[in-house]
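One chain, chain A, links the two complexes that follow: it is found with chain B in the first and with chain C in the second.
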Partner chain A sequence: MAERLAASLPGFILALALSPLLPGIINKTKALVAGRRSQPLLQSYHDIAKLLRKGAVYSRTTSWVFRAGPVVGLAAVLGALAIVPLAGVPAPLSFGGDLVLLAYCLGLMRFFTVLAALDTGSSFEGMGASREVQFSALAEPALLLALAALLRQTSGLSLIEIYSAAGTSSIISAGPEMLLVAAALGIVFLAENARIPIDDPDTHLELTMIHEVMVLDHSGPDFAMITYAAALKMWILGALIVGIILPVHSGSLFLDLGSAVIGMFGLAVVTGLIESSMARLRLLRVPHLLASAMVMAGLALILAWR
Partner chain B sequence: MASWSDALMMAFILSDLALLSSGRLKVWVRIVAVQGLMLGALPMLAAHGQPTLRMAILMAGGVGIRGMVFPFLLSRMLRSANVRREVEPYIGYTSSLLFGIFAIAVSIWLSSRLSLANPTLPPLAGPVAIFTILVGLFLIVSRKKAISQVLGYLVMENGIYVLGIWMVMEVPMLVELGVLLDAFVAVFVMSIATYHISREFDHIDVDQLDSLKG
Partner chain C sequence: MSLILLALILLLAGGLASLVLQKQRVFVNALGAGVCIGACAIGFAGALILLAGGGPGPSWAIPWNTPLGGSFTIAADGLTSFFLLLIFGISALCALYGAQYLKAWNGRKNTGPSWFFFNTLVASMAMVCLARNALLFLIAWEAMSLTSYFLVMFESERPEVRKAGWTYMVATQLGTVCLLALFVLMSGHSGSLEFADFESFGGSGRTVVSVAFLLALVGFGTKAGLMPMHIWLPEAHPAAPSHVSALMSGVMIKTGIYGLLRILTYFGTPEIWWGWTLVAMGLLSGVLGVLFAMAQHDLKRLLAYHSVENIGIITLGLGMGLLGRSAGSASVAALAFAGSLLHVANHAVFKALLFLGAGSVQHATHTLEIDRLGGLSKNMKWTAATFLVGSAAICGLPPLNGFVSEFLIYLASYQSSWAVPTSLAVPGLLVIAGLAFIGGLAAACFAKAFGIVFLGTPRSDKACAAYECGSLMRISMIVLSTACVVGGLAGPLLLSRMIPVIASLAMIPGADIANGLAVGTGSLRFVTIFGLGFLLIVGALAGLRQWLLAGRRVDVEGTWDCGYCKPTARMQYTASSFAQPIMNMFGFLRLSRRYFTRPVGPLPSEAEFATRTPDLFKESLWRPAFAGVDSLLSRVRQIQHGRIQMYVLYIVLTLLALLLWRLR
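So, the complex of A and B:
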């Protein structure tokens, strides 16, 4: 136990330190493709530091739920981070069936963000909350089906067992099922992190945005927590994909960590490229995309079952 | 070799799912053409890569007709009837996708009950054959445009071809050529019929055919 804790601690700390880089890399890629100068790579760090120095403003109509939202969100996402292995690097915590806990940690985070949004009584935030809940109700089955397919494929019970087995049977020999799972997780990654085909993170028009509209009323340290939790969430869902696509299990901690971090940055670059080459889908078309993620994950599960 | 044929089968399943989820008829034509090309490669895989003259002729015929002549005829049909997409299918695209996943499960179960498997083909070939036939049938009954029905028929025909290879490895050449000719004539006749329907009625929605029953 203590041994694994020591082995996993570098990965955990690295995630805490590097996750705000991911939005920076995405923005840099988008700027490069569009041929303009981007904000600095470390913009998220600056934002968080600036927000932490400020005071928070609370509307008189809000209750303790509004204040609890960001705190519970950050705590839930930290809990999820503790059980997700980063390709070859194990996670600090692991037990049989922890993948269900992962889904529900993310669910708890979303639930409290939605509650906090509803607590403000703003109609825009209610609209955003309604959309967020509608889309995540479709993204969550896709995530769980993809994890179930991995579970069936590798016959492990915890995320660590799944991902260490996913490394030994590489993507070629495990067959196209792994690719299907990775594609399904990729769509879930874009949906859950409010990236472009589903939601536009840059828009500030309340009528069209989904995630961004729910956190409009948060300010100061609360908003810093939300920004940081969003970056960590991106890291967690990214780690699920990188563990399949780039399963390096060399045994040396340095090499494993390095390749996983490079994989995460590569994923961020790919996300940036997707964002530069696509427009946001119409809201009515989003459920169809999420359903196709669900179908891909279900197909992988059926094929693994066979 | 095994992983290649597995990937081919997977591509077949995905192309069927893409047919279910898309409403653009141009995309349909392209997907059906790609399926035709994949069918051309299938006998090669079944023979473990030892090409014979007979196989080369069949492959050339199959690829030529399914992959080139059909798309040409079909896209000409799309132009002459002036339709681009299936506007309001009887069953929506998302529900069709969910039907797809259900049909895959059924066809895997069904092909595990049949003990006719050709050992040289990937184990997925049976489910793929049954699934493609089911998808073709589903497209025929759930879409409105007459062209969709032609395409659904072609998808079904692709499925039947895979089923034939899966069950009996050596189909006599005469039979295979006959099947190809049949499909060709069917598409030819249907394209002429569709053209006349669209010229007569200004649309090719088959749900209006009900009014012909007295």
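So, the complex of A and C:
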């Protein structure tokens, strides 16, 4: 137990340290494509540090639920991080069915974010909350089905079994499934992290936002927790994709983790490219996209059955 | 066993006493509730001892002079003890709550009969689980239905309550008809009404057993609230006083699950299609239950539909269990049954909690219309906090008890999804997708229920004037929400206690159960570690936040509304608008009806918009069916016209016909 904890710690710390880089890389990529000067790569770190030094403003309407939202959200996402293996390196907590706990941790985070949003009594935040629960109700089955398709190939019950079995050989032997699963997970990644084409993090209209509008009223250390939790969530869902697309299991911890981190940065670049090349979908179309993620996961399962 | 019998006698005596002493209005409230709580405590202890003892458990029979013979047999195996634990535990808390809740009717209404029915309802539910004789079972079953009917009719001066009571009565009687047919079928085969003689029924031919399965499914499914036999639930639960709704939704509907499980033990190896049927009905109840809940405007009706949803989840687990057994996979079966049974217990806890919370809201504001409430968390801190725990638990969020049971069903389904026989893998995947989808929608629905009712600003004067409920009511809710947390953290312990319960289903050998559950216990140990760690991190982060903000400037301002400076409570997002995108997404099901008066002209004088979501099955299945029966029977009315001479003629004709038949 202690040994495994020690082995899993580097990956965990890496995630804690590097996840705020991901939004930076996405922004850098978008700026490069658009030909503008970008904000610094480390902007998220600056933001978090500054917010942590500030006081706070609370709405008169809010209660303790509003204050609990960011705390529970960050705790839940830290819990989720303790479950997700980075590449083939096991996570601190690994057991049969851990993927269910992962999905429900993200659900817990969402539930409290939504409640904190409703606590402000603002209709903008209520609108964002309503959209968030709608889209996540579709993203959750897609995530669990995609992971089921991977489980089917390994006959295991835990994430580490999936990701240590994923390798170059499985990409060759089960290419189509892997591709479909990666695509489904990719859509879930974009939806859950509030990226284009589901949500636009840079829009200036409260009416059109989903995630950003829910956290409008948070400030100071609370908002720092939210920003950090969002970065960690991106890391977690990214790790699920990188683990199957770039399965490097060299045995050397340094090489494995290094390649995984490079994979994560690559994913951020791809996200930036997607954001540069397309617009946000109309809200009514988003369920179709998420349903297609579910269909792809289902197809992968059927292929895995052959 | 003697403790349980003592509890039953006390319950009946207390019930009778509160009926006799109903003139002493204040005293009878304390008497009825007090005796119920005491008896339930005794019974709870008895059930705990029985469950700890393991094994087949004691049984007890006295000769009984009934036409078909048999004896007054009761027994308490693992399954019975498990359900007794729930019945006594939840009933005691509901009674405690009710003692204070019913005070609101002091001077206006006589609570003596209500306590009589309450106590006999608890006793008859316990009897249903104890009975091992078909006649005794049916008597207890009917007593349960009747007492709960009278409890629903507590406010019978309100027409909607009378209507709800009537719906409940009809539904429950139709269910009982199926059970009657079922027991006739089974005792016809075994020649006895004793459950012990039913053991051989499984060998009586596939068709007969399958017919019996369908009868049991409809009969017990009606009580449990499985779709499409659920229509009485959303009527009866809102109509009953809240502590009664809590008892009915938390415990009474579970006797349907108990009955189904008990009867299934006599059916031998299950056919594959039984499992499939249960999975299909579970999916239907789960998904449609939560969708209907989403569309409701009344808090208790919303909760009632969530009971349908949760019975769906329980049925999904049962279906997986049966499929696992048909396919010979002991571990899938054990995990699925364990998850399903634990969900029975967990749902009893959090659904009772939520109904009690809704009762406090109604008590304080005299309304349950979600869109008229809001901001209650400020005046009702305890109710809000406990309701939040219940909401999170019912959505299956970790580290609460709902997660543990859903997790076990997931585990069984994931295990079956890579099983060799495809007959097991396909339903496994359906269950995974279904559970995930139901979970997501349930979270949406409870975000709405808790968020609109307790958060934001009050939407009406009634909500402004809300006040916290009394101490007894608070204690019940606090105990139940503590149980939600403890149940979430004590997963491995609870699971190991489930072994004798599953063993008494007599479907799988005990060793296989222990092996099958080992996977679950191992995983749940990590879930517990996770839960404790999570709570620690929450505490640490809350401390950090406190420390950071200490000594800094913390301002209190209005909510950001894009610079608009005169927001009113009515500008807040409402429950209907919150649910609208999801209901729109399922628009093809045509669940909701819209009533819309368009504003006309530049200065519109009137405009109106309302949505109503009538029950799909009630409108398009039961109403036409009953109308059909009605028109069919109205033909018979033609021969019944009140002319006595004609009636005498009928008698003569009948006698003649009989005579001819005899002489033939």
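Definition applied: the second predicted complex is superposed on the first by the 302 of 306 C-alpha atoms of A that agree within 3 Å, B and C clash if a C-alpha of one lies under 4 Å from a C-alpha of the other, contacts with A are read in each partner's own complex, and residues count from 1 in each chain.
Methods note: contacts are C-beta pairs under 8 Å (C-beta built on N, C-alpha and C of every residue); 3 or more make two chains touch, one makes a residue touch a chain.
All of these numbers come straight from a predicted model, not from anything done at the bench.
Looking at the shared chain after the overlay, A:299 reaches chain B, while chain C stays out of its contact range. In the superposed model, A:270 makes contact with neither chain B nor chain C.
When the shared chain is aligned, no partner comes close enough to touch A:14: not chain B, not chain C.
In the superposition on chain A, A:253 makes contact with neither chain B nor chain C.
Shared-chain residue A:287: touches chain B and chain C both.
In the superposition on chain A, A:131 makes contact with chain C only, not with chain B.
Shared interface residues of chain A (contacting chain B in one complex, chain C in the other): 287, 298. Those residues of chain B lying in contact with chain A across their complex are 3, 6-7, 10, 13, 17, 21, 93-94, 97-98, 100-101, 104-105, 108, 112, 124.
Per the touch definition, chain A reaches chain B in the complex via residues 172-173, 175-176, 180, 287-288, 291-292, 295, 298-299, 302-303, 306. In the complex of the two chains, the chain C residues touching chain A come out as 374-375, 377-378, 384, 388, 392, 395-398, 403, 407, 410-411, 414-415, 417-418, 422, 425, 429, 432-433, 436-437, 439-441, 443-444, 446-448, 450-452, 454-457, 519, 522-523, 525-527, 529-530, 533-534, 537-538, 541-542, 544-545, 548-549, 552-562, 567, 569, 571-573, 577-582, 585. Only residues 52, 54-65, 67-68, 70-72, 74-76, 78-79, 82-83, 93-98, 100-101, 103-105, 107-108, 110-111, 114-115, 118-127, 129-131, 133-134, 136-141, 143-145, 148, 151-152, 155, 157, 206, 216-217, 220-222, 225, 283, 287, 294, 298, 301, 305 of chain A touch chain C when the two sit together in their complex.
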